[in-house]
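Both complexes below contain chain A, partnered by chain B and then by chain C.
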Partner chain A sequence: MSFYFVIIGTKDNPLYEAEFGTWKQGGDGVARFRDEQRHLNQFIAHSSLDLLEELQWAGTGGSMYLKCIERFAGTAGGGSGGVVGVAGGVNGAGAGGVWVSVFLTAGNIKFVLLHDTRADEPIRQFFYDVYELYTKTLMNPFYSVDMEVRSAVFDGRVRAGVKKYL
Partner chain B sequence: MERSNTDSFRHSQYLPFSPTTSSHPSTPLAQKHASLPIPTPTTASSLSGSASTLRYSQSRKTIYDRHLNRSKGAELSKASFAFLFGEMVQYAQKRVSGIQDLEKKLNAHGYSVGQRLLELLVWREGRSGKRETRVLGILQFITNTLWRAIYNKPADALEKSRDHEDEYMISDNDPMVNTYISVPKEMNQLNCAAFQAGIIEAVLDSCMFPARVTAHSVPNETWPGKTVFLIKFEQVVLDREAEFIS
Partner chain C sequence: MSATKAARMGEEVWKTRIDKVNAELVTLTYGSIVAQLCKDYEGDYLEVNKQLDKMGYNIGLRLIEDYLAKTAPQRCVNFRETAEMIARVGFKIFLNITPTVANWTSDNKQFSLVFEENPLGDFVELPDDGRAQNELWYSNLLCGVLRGALEMVQMQVDAHFVSDTLRGNETTEMRVSLVRYIDDELPQSED
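This part shows the complex of A and B:
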């Protein structure tokens, strides 16, 4: 199981990006994306923002965690337009496809996670951990909203969260 | 000799600004200074060499090691705030040409506070925290949660303008930030609660309710310092609200 995680700012600009693999069931935490898939991840994350913008104001009751808002499937997918076609083409027939889960903070910062199997509760816990880290980053008077997060400590803590939950 | 003096002076000027040492709560200020390496007034290269050690505090604590809930419910000294705020107003006043400019500067100060407060307060609500999607919801968040967090009391009134669809008013009978601010007669247009207006504006903007917020003095007999925060939403907010209703 591999994950692609990106934090997106209010102007749809990426603030932080990481790839990692699962630690559960004897995983080693290394992402196993094929080379062509790695480019696609960014593309999928970006295209899911459109859907997110709609869902954000729809009847979700203002919840912050929007689980599996979209699935970029292999052959079984379809119906969501061209993007599915592209993803399907690279994944090949029968490939698992990618789920997109999103966490929206109060200040409209988006945490986007691409994952290939469903795991709602662990992902929620992971997101809340990252939310705490992000809030702490924001408490730094030298950091302002929409700035890139370059801290090595932040990166380390996010990866620790992955090890704990995913 | 003179040269080296200025060097060491400059050096010590930088020391307290190390982001990781500056606000560690348990270290008294004097001790912090004592534990810092004493700068040797030699060449410029040694200065830049020691600069790299400034990044970490003695305890190696980063901002990520601190608890966000530590200051929850804690009270701050009003006097120290009044001093700081007074200085902020003076500092801004020296750098502007008119009252409007001054209010804009104070607003900008408040803005960066509001952006941070919003995330912090919502984070503190934990699992029950949510994004506000309706105008009334976010206004109630401001008048209750936000006001309580800063001033330990809810705002005194929240009203909707009768004449204008897009205008709301939050009133505070005696804004805490203005407690020790006295405005000279010739500047009676000025209301330093523009700082507070900036906080409100930041919260609204961050939650995707773009608005302009201004502070106005509306004195009456009981409350000479009464301030009304006028919130004027942009058209997008009204359009979205109309969609919710339909």
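This part shows the complex of A and C:
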């Protein structure tokens, strides 16, 4: 299982980006994306913003964690729970398709996670962990909103969160 | 006054006579001051250090009065005692931390304050422009405070940081050295 995680700022600019693999089921934490899928990941994350912005004001539950909002699949159809927009015909996404989970902070910063199997609860925990880390980053007087997060400490802690939950 | 007595005194005053304020408020306020200075001086960190020291100095001149009023301490008989009072009473009542006094020189004129925690530096990561890590002393205000406060009680000191965890050092350490006791300057006599 591989993950692609990106934090997106208020102007739809990426702030932080990471790829990692699962640690569950004896995984080694290394992402196994094929080369052609890596730029596709960015494309999928980007295109999910439209749907996200619609959901943002839809008032569904009022939770910051929007769960899986979308599923890109090699095979059309599928999806359950929440709102699932299915864009068929994206090739190379693999048989399981790509799920898009989103967490929206109060300051309109988006955490987007692409994953190939559905796991709401661990992802929720992961997101809340990252949310706390992001809040701390924001408290740094030398950091301002929408600035790229380049801190190695932040990166290390996100990866620790991956190891713990995903 | 012994170290333990000073510690007890600091604790007592902290509990009974000090108005408390939210720690994040202090941290963020100080943070924005430093960040703004860095912006205003366009990354001239040496100048920022200087400004912080100056601001601290002006705080120290006033703060000493508040300190004396709140604690009503006895006169310190030597510089060692002064150091203990600074660490265990001064820092305790204003920041609720107790730095360790260490590394005395044999002439008892220089010591280090080792900070295990520093509320001013919470959440902070210095800018990664390759210079801030070597040039900026983020908490330099504290040096100025000590300098200003001690000057008001007839001690001219030099205070500067020698290491900071924000820079990646093991500890945060401030070196304080007594330059001289300032004698009361008498007005020139008439004749």
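Basically, the second predicted complex is superposed on the first by the 147 of 166 C-alpha atoms of A that agree within 3 Å, B and C clash if a C-alpha of one lies under 4 Å from a C-alpha of the other, contacts with A are read in each partner's own complex, and residues count from 1 in each chain.
By definition in this document, a contact is a pair of C-beta atoms (placed from the backbone, for glycine too) under 8 Å apart; a residue touches a chain by one contact, two chains touch by 3 or more.
Since the model is a prediction, treat every value here as computed from it, not as a measurement.
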{"item": "First (chain B), second (chain C), both or neither touched by A:Trp57", "value": "first"}
{"item": "Partner chain(s) touched by A:Arg150 [first = chain B, second = chain C, both, neither]", "value": "second"}
{"item": "Touched partner set for A:Leu104, first chain B, second chain C, both or neither", "value": "first"}
{"item": "Contacts of A:Phe142 with chain B and chain C, given as first, second, both or neither", "value": "both"}
{"item": "Touched chain A residues, chain B compared with chain C", "value": "B"}
{"item": "Contacts of A:Glu132 with chain B and chain C, given as first, second, both or neither", "value": "first"}
{"item": "Common interface residues of chain A - those touching chain B in one complex and chain C in the other", "value": "136, 139-142, 151, 153"}
{"item": "Chain A partner contacts - residues on chain B that touch it in the complex", "value": "19, 62-64, 66, 68, 112, 115-116, 118-123, 126-127, 129-133, 137, 206-208, 240, 243"}
{"item": "For the chain A and chain C complex, residues of the former touching the latter", "value": "136, 139-143, 150-151, 153"}
{"item": "In the complex, chain A residues that touch chain B", "value": "10, 56-57, 61-64, 104-108, 128, 131-142, 144-145, 151, 153-154, 157"}
{"item": "Chain C to chain A touching residues, read off their complex", "value": "24, 27-28, 31-32, 34-35, 38, 122-128"}
